[in-house]
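As written, the chains take the letters A, B, C, D and E, and residue 1 is the first residue of each chain.
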Amino acid sequence: MVTIFVHREGKTEQVTSIDKRWLNRSAGAVLWVDLAAPSIPESLILSETFAFHPLAVEDAMSALQYPKAEAYDGYLYVVLHGIHYQATGVCFATHDVDSFLGPSYLVTVHDGESRTIAELRDHAPRNPKLLGDGPVALFHRIVDAMVDHYRPEIDKLEDRIDELEEQVFDSSSPDLVRQILREKRDVALLRRIMTPQRDVLARLARRDFVDISTEMSFRFRDVYDHVVRITDDALTFQDRITGILDAHLSNVSNRLNEVMKVLTIVSVVFLPLMLLTGMYGMNVPLPHFPGGDSAQFWWLAGISVAITIGMLAYFRRRRWL
Amino acid sequence: MVTIFVHREGKTEQVTSIDKRWLNRSAGAVLWVDLAAPSIPESLILSETFAFHPLAVEDAMSALQYPKAEAYDGYLYVVLHGIHYQATGVCFATHDVDSFLGPSYLVTVHDGESRTIAELRDHAPRNPKLLGDGPVALFHRIVDAMVDHYRPEIDKLEDRIDELEEQVFDSSSPDLVRQILREKRDVALLRRIMTPQRDVLARLARRDFVDISTEMSFRFRDVYDHVVRITDDALTFQDRITGILDAHLSNVSNRLNEVMKVLTIVSVVFLPLMLLTGMYGMNVPLPHFPGGDSAQFWWLAGISVAITIGMLAYFRRRRWL
Amino acid sequence: MVTIFVHREGKTEQVTSIDKRWLNRSAGAVLWVDLAAPSIPESLILSETFAFHPLAVEDAMSALQYPKAEAYDGYLYVVLHGIHYQATGVCFATHDVDSFLGPSYLVTVHDGESRTIAELRDHAPRNPKLLGDGPVALFHRIVDAMVDHYRPEIDKLEDRIDELEEQVFDSSSPDLVRQILREKRDVALLRRIMTPQRDVLARLARRDFVDISTEMSFRFRDVYDHVVRITDDALTFQDRITGILDAHLSNVSNRLNEVMKVLTIVSVVFLPLMLLTGMYGMNVPLPHFPGGDSAQFWWLAGISVAITIGMLAYFRRRRWL
Amino acid sequence: MVTIFVHREGKTEQVTSIDKRWLNRSAGAVLWVDLAAPSIPESLILSETFAFHPLAVEDAMSALQYPKAEAYDGYLYVVLHGIHYQATGVCFATHDVDSFLGPSYLVTVHDGESRTIAELRDHAPRNPKLLGDGPVALFHRIVDAMVDHYRPEIDKLEDRIDELEEQVFDSSSPDLVRQILREKRDVALLRRIMTPQRDVLARLARRDFVDISTEMSFRFRDVYDHVVRITDDALTFQDRITGILDAHLSNVSNRLNEVMKVLTIVSVVFLPLMLLTGMYGMNVPLPHFPGGDSAQFWWLAGISVAITIGMLAYFRRRRWL
Amino acid sequence: MVTIFVHREGKTEQVTSIDKRWLNRSAGAVLWVDLAAPSIPESLILSETFAFHPLAVEDAMSALQYPKAEAYDGYLYVVLHGIHYQATGVCFATHDVDSFLGPSYLVTVHDGESRTIAELRDHAPRNPKLLGDGPVALFHRIVDAMVDHYRPEIDKLEDRIDELEEQVFDSSSPDLVRQILREKRDVALLRRIMTPQRDVLARLARRDFVDISTEMSFRFRDVYDHVVRITDDALTFQDRITGILDAHLSNVSNRLNEVMKVLTIVSVVFLPLMLLTGMYGMNVPLPHFPGGDSAQFWWLAGISVAITIGMLAYFRRRRWL
């Protein structure tokens, strides 16, 4: 779906076709063309009307691009990743938003999943300042909103990690390692998409590309700060997940230790006693304990109690109990 | 709460409103405006009187900022983190202090938790040199005191790590891993807030920002040295905590080994003996040992002792005992 | 096998010998010489006709070279690695393609395994644009196709890692570690060949070598992007394999825990019961339970049930069951 | 304690006070002032006679400084760490030696522990070349000797690591992990003090500070080489200690395996035999083995031997024996 | 032992003393002086005839130097490491070859172990081109041969690692960890000597030192490539050894699991059965099974078989069998 907005003489209106004169900066028009999940015929606008470089057009039309910023003659091609809203699932999912930023126009290409752009498309006709501030300000607006949408997902991720940290000490569900592995993967994915985006924004903030004003570079520096913090969070999360895994392994070992102590204590107490009863069950004459037959039972009971107490004292001294 | 100090003609006095002429360096006045947990109306002073950039003002008013230094036209915006005094708790907590450093003024914005600034606010009227040395010197003073407050907390952290190192060899409390994990997190947090602060101070020391004199850069280099040492400590702590965790895992394994040896020795000694008594308990005629019935008992005892001694000798040779 | 194509006056034809004038750029001819697994006499064309540097010729003729780009006087010597198609095996295998890129010629040397070059050799006579666009465009074409051939192998590798990730939770086949180790080695190999290729392509894209036009540098940047993504994938794979190994070790420990719990529970329940039956089997008078001989049996059964229930309750409280 | 040497007209003499004219390079005098554990009044010489920067003086008087080199106006302030001789202990201990290097003087400040300086103080009056070669040569001499004193301590550390490497395979003393942890800490400390010293020496060798002649830079490059080798040794040691810990953990696991095999073999052999004897001990008529009562015993013995042999064969096939 | 070759007027001859005029480039003579394990008097040639810097001479005469390249006035001092041929041992051993490279001479100092130099010493008189191509070409020849000698040792090391990788899955010899540790140390040593050599060669290839011609820099780039590949191999080896250790630990755990399963299965089957026989051995009247005394035995056997089958089914369901 192609949506075209043009801002002329203080007013923003939606049009259906592009007047090529608008592409000329001196015309004073600001143009925003949004291609949501464009069909092949719709994509011709990129190569024919705007005459973008075939490689950039190919990238814009292909599914998942790596975040990057590339300067071409007279325009900038930027790929950034937005985050999906995940009402039900627990995993990250991103979509890429490709932008062509020219002196008097902004062209955005995406798969139609971007909530940010959908909202701006709604506001554009009602809020003339949106396009009126020029294509760079509009582009900053999109980038800023896209980065802001990461925060709630990051917070959810942090909550899940907090929960894991609790769980690791409380229970020993067999799913724990699976969950740890899944979060680890999510965090790795987060880092993997944020690091190149950070580099793109650093270049925008540093004004590596000449068509960005000082004022705009301040704004991109602000977005850059947010992205740096998210990248930093990802590193912290990674560290914490490693810690959780270590704690889990240590807990498993500790529990094994506990189990084995119980087995050992019980065996060490009962095996000698069973030998004793076995000996008295032998069809072989044993030497008599002094004091008659019934005294024999009490002697036996006494020896059993002595063995038990001795063993328990021994374990206590070794701090097993 | 807004506190305004102005230094003119060798005297520092607290005033309630700002004369805009003071902002002009040629007026010779030095101004310190402190906003402790400012309300929205109070924050207007930032945007209206000083006309700071809206993004910087927004950052200054928002809760937790990442440490950074940003040059704007005519002033410097610096975010640094101070440390809370923690009488009872064991964890780190920091608050951010935002400073706007202009040619003739210093504006500090914080959440009212900063002990450093509270103390300086008390001293300012009594000690005219405080503002008299200019806004950079005042700013250095604040930064220096903020960094000095880290040292006692670092020392406490080191003590806790020393303690953990002792504990890991002495006992095997189930809380040990939990404590290790908590200290690890604290150390990670320390590193995370010190690294960007170190970078900010390096830039101040290197005079990346032109309005810092050689003398002041020497002083910031001194603060920078302190921060480098703290960052370095954090790395050492991290290394030591990893070592403690390794030692803990190795200890758990060693203890399991000890437990299993006891179980094995006892089983290996008693099982053959029990088989023997079981055989003599069978309702099946056994071949007679030579020497009559009572000799039979002594034969049996002899065999038992021989098995026991043989097994123990075997374990001794394998170095289990 | 030596194949020589020359493009003159809009036509590409295969010839058997080289006219030295073609090497002169002003002649307007474009020359492609392909040496597939060249014999020593065939390789003389490199040193005699083209007068390439002896070291470069030696490298080109030797078996496995490290990916690299080296500028010599008037030509560029580039080594890149293509990937073998692996219908049956599971491991990566690569072959190196050496290219000499001059102002009016491209010389490719390889071991005859390169599918990319075989295909282009077929197309060259039919598609005059192939050589007509100049040697750099032809070289880009080869590099682009070679890099594209990596993708299906990367995908297969990813599938195998996905599978491993499933397996690690489902079964405990003794071959798992062997497989993990093999994939780890594959991923390391992938990284090892991609990293220098990425550097070579970055230099081509940055136009470190003067004979590359802006348009061509755009195209190499595109190939570079693909290689960056593959390198990035390799890093992610490495991370995931480490995670799989951790999960495997944790699972082994968990299973040991489970096994030991069963042993301990059974031992702890049956050993006391066996002691009891042993005591009643002794040839020694026991004190009578009240209520006659048959009551004695029921007392015994009651004690057994009580011990069993008590032990199980204890284990349940410790969360073993 | 303040010791002052002055070299004039080819002679070095110890004096008690400083003639301020000596500080002037044109006077042709070379001055060495050594402050060993200076008292506060003694330290006034730094701020008053030499007028060093207050921050540098403060650093010089404070306990443990981080190694660093700082250029001030007209002099260089360098902090380096010497090593204590450790006749009895096993741990590293260092003291810092602070030097102020001016055009015609060298001022050294330390805690009186430096053997290097004590020796040079003895030689200074007797060896006029010591001061005669200028302050930089004297400073190089001190630095060179300080670094040389590290070597025997490094060798001792290497011996201790060699020993640990032997021990880990021979015995399983519970102190092993404690020792490993201690050496790890020592090595970390070594790295921590050598890395900044290396950087200081690199700057001296690269002549970052203008008052160092080519000849002197050659000499500092030589010292730098020694420090690089020590830093490199520290990295190797760290690697080896990690290897020792891994070997230790693996050994503990191997030993547990051995213990468990013994337990399992014994249990698997004896439990079936005990069941057999238990069955024949039952007060229940069993079916008769053919061949009369005494044959019954030999049947039983035969079955026991068969079970034992079968089990052992099974274990041998699984390579447990 | 000092060997002196001089190349004049197309002829190379061995002489016994040096004519100082030869050191002058304009004399057109090329001089090669080789000092194999020089005595102190022999070493005087370095300081007296050539007047090399005392620090360089000291380094050249001392035992093991770190690989490095240092430019002095008019000559280059280079330390490189050759590898010993190890017919019997398995460990790496290297010797350092020190070279002084001047405009018209090459001086090599070594401990007499260098096979490379011994061979060249033999060829020098017979092959006039060796010295005739100038001292840089001769130096390149030595370096090239030294690096080539690494390859067979690297291949042996790779074979040993391949073998370890096989062994880790096949057997569990107690020496495995010892071997792993030894190879790890070898690989670390390899990396440690190759990394600085790579840097030296990179500087030679980049022509950091002005007296190297373009042609020679091509040749050094070739040697550099070999060294890079060896360094790269060392990294790969390190990775593989880490993988082998992980696999070993995982195998030990797996085997422990297997052992424990056998113990648990046997215990769980036999303990209930033993309880049963114990109960029937009690001197206490048991309730009669219906069907007379001999039926009692068959009941018992049935219960035993039922318990056994039930337990085995349970283990099968948990996938232990």
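Throughout what follows, a contact is a pair of C-beta atoms (placed from the backbone, for glycine too) under 8 Å apart; a residue touches a chain by one contact, two chains touch by 3 or more.
Since the model is a prediction, treat every value here as computed from it, not as a measurement.
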Labels of chains that are neighbours to chain D and to chain E: none
Fitted rotation between chain B and its twin chain D in degrees, CA, nearest 5: 70
Between chain E and chain C, distance of the C-alpha-averaged centres to the nearest whole Å: 25
Centre distance in Å when chain B and chain C are each reduced to the mean of their C-alpha atoms: 40
Residue list for chain E, restricted to those that touch at least two other chains: 249, 253, 256, 260, 263, 267, 271, 274, 278, 281-283
Contact graph of the chains (line, ring, star, complete, other): ring
Complete ring sequence of chains beginning with chain B, oriented so that chain D follows: B, D, E, C, A
Interface residues, chain E side, partner chain D - complex: 53, 55, 59, 66, 68, 70, 72, 171-172, 174, 177-178, 180-181, 184-185, 188, 192, 245, 248-249, 252-253, 255-256, 258-260, 262-263, 266-267, 270-271, 273-274, 277-278, 280-283, 293-294, 296-297, 300
Chain E residues within the chain C interface of the complex: 165, 169, 218-219, 221-222, 225, 228-229, 232, 236, 239-240, 243-244, 246-247, 249-251, 253-254, 256-257, 260-261, 263-264, 267-268, 271-272, 274-275, 278-279, 281-287, 318-320
